[in-house]
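Same chain, two partners: subunit A is paired with subunit B first, then with subunit C.
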Partner chain A sequence: MKFTISKEMLVKPLQMICGIVERRQTLPILSNVHASVSGNRLTLIATDLEVQMSTHAEILNGSDGSVTIPARKFLDICRALPDEATIVLSADGGEKATIRSARSRFTLSTLPAEDFPCMEAPRDAIRFGIAQDTLKYAIEHTQFAMAQQDVRYYLNGLLMEMAGSVLRFVATDGHRLALCDLVVPEAEELEKFNENQQIIIPRKGVLELSRLLEESDAPVQVAVGNNFIQLKTDQIEFVSKLIDGRFPDYQNVVPVNSDKRIVCERDLLRQALARVSILSNEKFRGVRLEFSPGLLHVHAHNPEQEEAEEEVSIDYDGPNLEMGFNVNYVQDALAACETAQVQLMLSDPNSCCLIHALDDEQCRYIIMPMRL
Partner chain B sequence: MSMEQFQDRCPVVWPRAIIHMDMNAFFAAVEQRDFPELRGKPIAVTNGEVGSCIITSSYEARAHGIRTGMRLKEGRRRCPGLIQRPARPEVYARISMAIMQALRDVSPDIEVFSVDEAFLDVTRCQRLHGTPVRMARMVREKVAAVCGLPCSIGVSGDKTTAKFASKLVKPEGFTVIPPWEAQERLRDIPVTALCGIADGIGSFLAQHGALVCGDVGRLPVSVLARRFGNLGRRIWLMCQGKDPDRIHDETPPPKSLGHGKVLPPRTRGREVLLTYLRHMSEKVAARLRRHHLEAQTYFIGLRAGDGWIGDRLRTTQPTHHAPPLFALCRFVMENLWRGEPVCQVQITALDPRPWRQQLDLFAEQDEGNSQIDEVMDRINRCYGELTVAPARLLQRSTMPNVIAPAWKPEGHRQTI
Partner chain C sequence: MSETDILPWHEDNWRLLMDCLDAGRLAHALMLTGPQGLGKGRFARRLSQALLCHKCGAGGEACGQCQGCRLFQAGNHPDFLTLEPLDNKKVIGVDQVREMTDFLSLKSQYGHYRCIRIMPAERMNENAANSLLKTLEEPPAGTVLMLVTDRPARVTATLRSRCQKITFGLPRRASALDWLAPRLPGRGREEAETLLALANGAPLAALALAGGEILDHRRPMLEDVALLFSRQGDPIAIAEKWLKLDAKASLYWLYSWLVDMSRLKMAGPASHLANPDFREDLLRISELIDTADLLLNISRIEKAILQLEGQVNPQLLLEDLLIACEVGSQNNEMNPAT
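And then the complex of A and B:
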């Protein structure tokens, strides 16, 4: 196999997929990228056995064939070459591949392409299309609430639930929860799903997706199989295994009987929390919120007995209420709301708080309090 | 005119004044106090009748070359008349607590450094009580009044020099190094004689040509800072009699919390090991509960030969109940232990945090039964540890509890 390509055409697709190549591998071939040429098209594939990504690039000329080469070294070399460089890669089926460009020459070790563990795209899949920016929005407004290395492995991912024409995304780490609803135009396909069918996309795949999806209304084709999800855009094909587990019954924890409604300016509250949090306990991040008619009092102190206090005007006329929260959780939710005003729904100091943009419940955030 | 008399007649306010109080052969002295027949005899305190390691020994024994950490067998060889006494940790803890309480009358700024040692910062008491030397005498009198046991006292302007001074004369020493003389007095002292400088740092300093404290001050501070960070900067100052470390009178929240036990040599019975692990699970869980803590990550370890068999494991949810902890132990026994002979077990909670501070959205039913634990804790508080315990512990080892060197009169370290 041999191909000639401009640096400009190669680096971007290579960068897109190299993110999933783990730095330390038990299986050596997983540090490699699979490169194959067919006609004037170069296809690049990377995988970590959970997530697989492939991209393509147009080559100037070449001969068909395939090889695997160390992904990061290949990327680093290409990146370090001058911008206008033309790169020639040749692999004759031996143990080495050669990269040449002007007066530079590199020899990389290879592994046989047929040993590369490619994942099969799901066959009996349900397919639908959705705009990239819509999907990106849903992921970015929920993914921060996913758990990280939780023993409850099914929390280390993003739930996607299909119900009628609504596609719902839910992430939770057990302390807080983020939920986002999307309305999908091609609803006929969605109806093939079982009632409220749920899938859980693993954390790593979710993070890669939010990186890859673009702020454009170009479509992404989604295919959901038994234990795979595939997403396809013009540039990239993304396949991820799904987490085989039962997501907790999140609907049970969405509060419905909260009787205390608070409306406030989002930026004022965020800034006040940002200042107060400086003196909250560095490890547990607790802040005390005291709601009274018209006024929110925010208070924090640390083990050194240093204290911070802030007052924020709010729209509230209920009884006084005092609650503790992990300030990071509140800040994450407020950051995701993106409107000038936000609404908080509360009931008592031991029950969760529901936050969403004022008059817009597409995204909802639920936070369990702390006992301070 | 002695130093002491001079100090009393010409009171000079010290910019900083630290007293270090160190009980002499504490456990052995308590035994000799309570059992007159032991006075003047070489005795070795061990962990119970079965313990074979000498925890401490009387000065009569030390004269024969007996040292802490020595095996009893070796001790007997060096000193045929050596008398073994089982340790009574509860008694030592009680006396220590009384001593530390009495020292608070001298200065409230007190750091209980270990069960038999304390630092007092008396800088701010000089107008109230007089010179640091006078206060040091008060300390000696208080200790004598509370327990009638001997102690050594060191007085200086910083912690390291004060500790160095108390060590100079034992037993019943009383050494004063005024802060303005500290640097001169330490100049020719080997660096490793200072508390906190052991072989590692010592050999680093030796490589840079610094064998005695006076040499260290001549090194650029950056040499030590590059290698040891802030500790390096502190050592540089320590060697010049200017240890900046303040009195730590607070017990910081625990970074970890654990219990372990040394086993009879080459223990390999599965059920025996499980009983030990259950025992430690109960102890760790009860201690977490006593201090209103919970934890989710635990180290479960079996010491075999030179290494540990075991792992850091996580419970589904943060807990302070023994059963989920014991479940982790079973996991280690079934998956990591291959029948190797074990000499020690250890369970440590690695991320203790306030109990149920952050509420959970999907809190499951308590894995242990909270009510049972509560009743058990109340009974055991009245009648002693593990008076009520899981049936498996009926077969538990009779090895007595050991008082930890890091024991403190308050907080989570107040445990045996």
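And then the complex of A and C:
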């Protein structure tokens, strides 16, 4: 295999995929990048067995073939070359590959391309297209509620549920839950599936995705198979393995008969909570919220017997209600709402609280109360 | 010899598992046990490759051609994991087991099986064994865990009871020799027979002995023992010398000689020995020590062999043991009546 490419064409795609090449690898070949040439197209693949990324670059000329070379070193070499450089890489199937550029010459060790554990694109997959910014919005408005290294491994990820033309994302760590609904424009494929199709994308894949997706309405093609989810944009193809487990029945958790409706200014409430939380217990982060008609009383104290109190005016005309919450969970939900006013739905001190933007239930957040 | 050679004494167990597989009854947790040097780890490897192969051939054997086999042979198969003590460590730690749990929480890459080989399983420390329990009891679908051990009694009982036990027995002497002799170029069948006896009948262990240097040191080491028992040797100097060779191997040889001596004492000069080549010398040395001390020393060495696997200073251990042996024979001399 041999190819000639200009530095500027190569460095960016290479940089994009090198992020997932971990330094500490269990398998030596995973620190390599898989490079293959077909026609005038160079494909680069990197994987850590959990996620895989591949990018393309146009080459000036070359001969078909494939090889794997150490990713970091390859990137460092390319980056260090002058901007206008032309890079020639050749590998003759032996144990070495050579990189030449003007008066520089590097020899890198290689491993056979056939030994690289590529993830195959999912067969008999569900496919649909969606705008990048829409998907990014949904991920960013739910991912903070994912569990981290929980023994209930199915919580360490984001649920994607395909039900009719609605694409729903749910994340929970057992204490709070975030839910976001998207309407998929080209949903014919989805509607073919009568039953709700659920997959869980692992935490790492989710974080990588929210980094990759751009704030533009350019489309991304999604393919969901049994073991993988694949997302494809113009520049990059991303594959993540799925979590092998069943997500808990989240629908039972969503409160439906909350009769106490509270509307308040989001920023006022956030700032008040931020101040009060300074004196809440550092471990449990508990704050007491006392709702009374027109007024919310926020109260916190810590083991050193220090106390904080705040009053926030709210729109509420029900009976008095006193509840405890983990302030971090409330803050996360409020931060994600993004509108001037938010709506809290409550029923009694032992039931969970539903938070969403005023008159907008696309994203909903559910928080379990604390006993203080 | 390559890692993938099929070992003839595996066939019974192999067929047993293949029958289970065909019937869809392959257990998700197997414990492969039996004496050291029978290739149990290789059996686990062979089974894993067969399970991960995309198109298994006759007898359930892996094809060796498909992408799965290719990745497996390169040691890169994403659905295969081996847990063994990390470099410079003696135990399999809890972090390694947790990594395995993370590995199992994701779906398999090729949609076939996922295979995990833990060897030696008795090296898992208590925390590691405990964190394995849950997975071992109810792993995700399509998972096969293989615990390889030659000391099942040292594996936590809660782990043992959750595994189907596959026991490997020593092959018959004749068939083991048939396998061993052609693999020892330049050595006669008689020499192969001695090696096999030295390895307690385990062919792979015999092969490893033939390849190592320790055999050349056996004779001088036995002379050291003779000196020790006749109170002419310096236990500290001998310990230092043996330590340089290999503490574990020297303990093993010492053990096997002492056991042979007790056989000679109790069953007469014609008894079956693990060291048939040293029969004369062992008979001579056994005269220097009485039976009670011999048995006492044997149990001391057994204990020392176990201690050597833990956190113990091998030099002190060896010195202590050899001094005890010497003192034992001194007492003998002072009180010939006992």
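Just so it is clear, the second predicted complex is superposed on the first by the 313 of 372 C-alpha atoms of A that agree within 3 Å, B and C clash if a C-alpha of one lies under 4 Å from a C-alpha of the other, contacts with A are read in each partner's own complex, and residues count from 1 in each chain.
Assume contacts are C-beta pairs under 8 Å (C-beta built on N, C-alpha and C of every residue); 3 or more make two chains touch, one makes a residue touch a chain.
This structure is a prediction, so every number in the text was calculated from the model and none was measured.
Three-chain overlay on subunit A, with subunit B and subunit C in a clash. In the superposed model, A:70 lies in contact with neither subunit B nor subunit C. Of the two partner chains placed by the overlay, only subunit B lies in contact with A:366; subunit C stays clear of it. When the two structures are aligned on the shared chain, A:245 is found in touch with subunit C, with no touch to subunit B. Shared-chain residue A:62: touches no atom of subunit B or subunit C. In the superposition on chain A, contact of A:175 is made with subunit B only, not with subunit C. Legend: residue contacts after superposition of the two complexes on their common chain; A:13 is shown touching neither subunit B nor subunit C.
Of the two partner chains placed by superposition, only subunit C is touched by A:112; subunit B is not.
Put simply, of the subunit C stretches 45-53, 99-107, 135-143 or 153-161, the part that bumps into subunit B is 153-161. Every residue of subunit A that touches subunit C in the complex is listed here, in rising order: 27, 29, 49-50, 111-112, 114-117, 119, 153-154, 156, 202, 226-228, 241-245. If you check the complex, the residues on subunit C that touch subunit A are 67, 70-71, 74-78, 101-102, 104-109, 111, 140-141.
Against subunit A, the residues of subunit B that register as touching in their complex are 252-253, 296, 314-316, 353-354, 356-362.
Contacts from subunit A toward subunit B in the complex involve residues 151-152, 172, 174-177, 248-249, 253, 283-284, 286, 303, 326, 350, 352, 366, 368-372.
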